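Just below is one structure, and these are the notes that go with it.
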């Protein structure tokens, strides 16, 4: 083609590209202070400017890694584009205690610890179980929720518990989760299907490609909320105390988080969040956990 | 350096198993691609316009559709709609039909390369159109098609990795590498050996193709 | 079959925010493709020139580089980078990325995606460019030399402009492939159309309308087919103009890219 035509074509492409950027650039907002979190405490402690917390207060925001696809603890509501959930609420309480805005980013199981170690996030609040092995790499807060490992099956399944997961069955869990090991030990004959994230497990269960999913009951509850034909079976496989992930050595942060969490447990905010996100969907009623961090680590040395 | 060999020794069973899964995936998909591609090329060259349109639609749809989307539709979508396809069927079927669109195009241009004169000569010898296609044109077209088919095989080897990371979760080479890495965190070493595995496959395919080319291919 | 066309199963498309949510995800794919293509063209040109270099070792080294990247699965490259990228690089990306970019592109993981796409595609583009340049008559180079132009001047004023023009259709075709490849970045949890599609199918306790998997992904497929089809039409028009009446049929640079079968002759 003639070079003038080629030039016009390039201009058109560049304009198109520019338009695409501008049109889509400004309607994504960072999760702001809407909803859930409750008012900031009247007296917000100010930290010295060169401390870890002081720097966060300077910036005016704290970056928290949460799950974007695990209702009801951390997920993105497609209708409102907000990130919501129990973990998100806890994150808001901590941000309020510092007097800053929370910025939520997605932390998938694979990269959440590296994110924390590289200062990409200040905290991890993403259904993370306290284990001794993780404790060597990062610090944990006191447990803020006790989840249990369970098994989820289809409504018409014959599977009643882990003992029924024999050689003819298949079970799904996430790549890199603690359940990989648990399932290999407790159900070694069952075909283990590992995927990147739990929505994929849910899809496989719902269309019949796997017979069961095993992970924390809160995640499984999230699936039941979306599809009430699924059912939880069997005993509690494991006890999974959730802790807030804190960069190793950041004692200031740990102290703040522990204090905030204790306050939240004491003044009823924990129960409010629990009711909103978990309680109304299951018959189980839980109280704020009293387990200590030492006890949690002892439960799961690795 | 020593950890490179340690990882190889430790992970070899899993990586080897993944390697063979990849080989099987590609082999089955190849057969499907060839079959589908031949069929569609025939459609595109048919005298009946409706058949040509069907063929052209197939090619346009499968060439412009991402493989990952196709995998989702064929596995999750179909199963939800009531058709219980297995992961293997969905995986090889998708990869085969997807590559088949490219095979069809390669065959079609191969046919054109053979030239109208051949078809006319065949017709004048009393063969009907179908026979002319089958006995005269297609065999020659196939031989022009060896270089692009080699490229497509390499493409299939690479695309097979997508099947493993998708919902289908088949334990191919890449998947096995990731599983091993998630347990031991030996990222560099694990991925290095997986890369070696893939390069072995692609280089072998290239060598085989070169051999076939020198023996059979018609150069235009 | 009726399941596919049942209007109840398509109701999600016009209720709530679903349509917009998916199209926003699709826009992220297109943006990633355009950015990756821009960088791939630059790096590809450099690699092509290196391969054509008169200095033997340089040409061979560039050739090995190109061959390695072209022969590895793209998803493999992206996954490795997502796991292995050093933290300082990721942080650097996050401070450099402009704030008018959509949220999905602000995440440091996008660096792994872009780097993977660029490393792979630039190798492919380098081969396309090299073929384009080599497809020119030697006569052109010789004529330019006889006019007293140095090698660099030959390249700049005679060979490159013509050679590059010839590879425009193959490049647009590569852009189509790149557009499809952007779906792979969903594996490293970048919020693009595949992720948005799965969110829509999953969270129906917000909207109240069940969004079935088959329909949602057929819709996403339609988005891709329409966009890529339009791009391929564009590529074909570019070819036609190149030829023009009365001139010899344009030399078509075969898409050396692995998936491109030789286009039909006319």
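Letters A, B and C mark the chains as written, and numbering starts fresh at 1 in each.
In this text, a contact is a pair of C-beta atoms (placed from the backbone, for glycine too) under 8 Å apart; a residue touches a chain by one contact, two chains touch by 3 or more.
In this text, all values refer to a predicted model and were calculated from it rather than measured experimentally.
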| item | value |
| --- | --- |
| Pair joined by the larger number of C-beta contacts - A-B, A-C | A-C |
| Chain nearest the overall Cα centroid | C |
| Distance-maximising chain from subunit C - centres being C-alpha averages | A |
| Centre-of-Cα separation between subunit C and subunit B, whole angstrom | 20 |
| Subunit A and subunit B, separation of their C-alpha mean positions in angstrom | 39 |
| Computed distance of Cα centres, subunit C from subunit A, in Å | 33 |
| Residue numbers of subunit A (touch at least two other chains) | 110, 196, 203, 207 |
| Overlap residues in subunit B, where contacts from two or more other chains coincide | 76, 80, 165, 178 |
| Touching two or more other chains - residue numbers and ranges from subunit C | 83, 187, 213 |
| Subunit B - residues contacting subunit A, complex | 75-76, 79-80, 84, 86-87, 165, 167, 169, 175, 178-179, 182-183 |
| For the subunit C and subunit A complex, residues of the former touching the latter | 16-18, 21, 24, 27-28, 30-31, 34, 82-83, 87, 90-91, 94, 100-104, 107-109, 165, 168, 187, 189, 191, 196, 198-207, 213, 238, 241-242 |
| Residues on subunit A engaged by subunit B in the complex (per definition of touch) | 110, 175-176, 180, 193-196, 200, 203-204, 206-209 |
| In the complex, subunit A residues that touch subunit C | 1-2, 5-6, 9, 17, 20-30, 68-69, 71, 75-81, 105-106, 108, 110-111, 114, 117-120, 196-197, 199, 202-203, 207, 225-226 |
| Residue numbers on subunit C that touch subunit B, as the complex places them | 3-4, 68, 71-76, 79-80, 83-84, 176, 179-181, 183-184, 186-187, 194, 197, 212-215, 217-218, 220-221, 224-225, 227-229, 232, 258-265 |
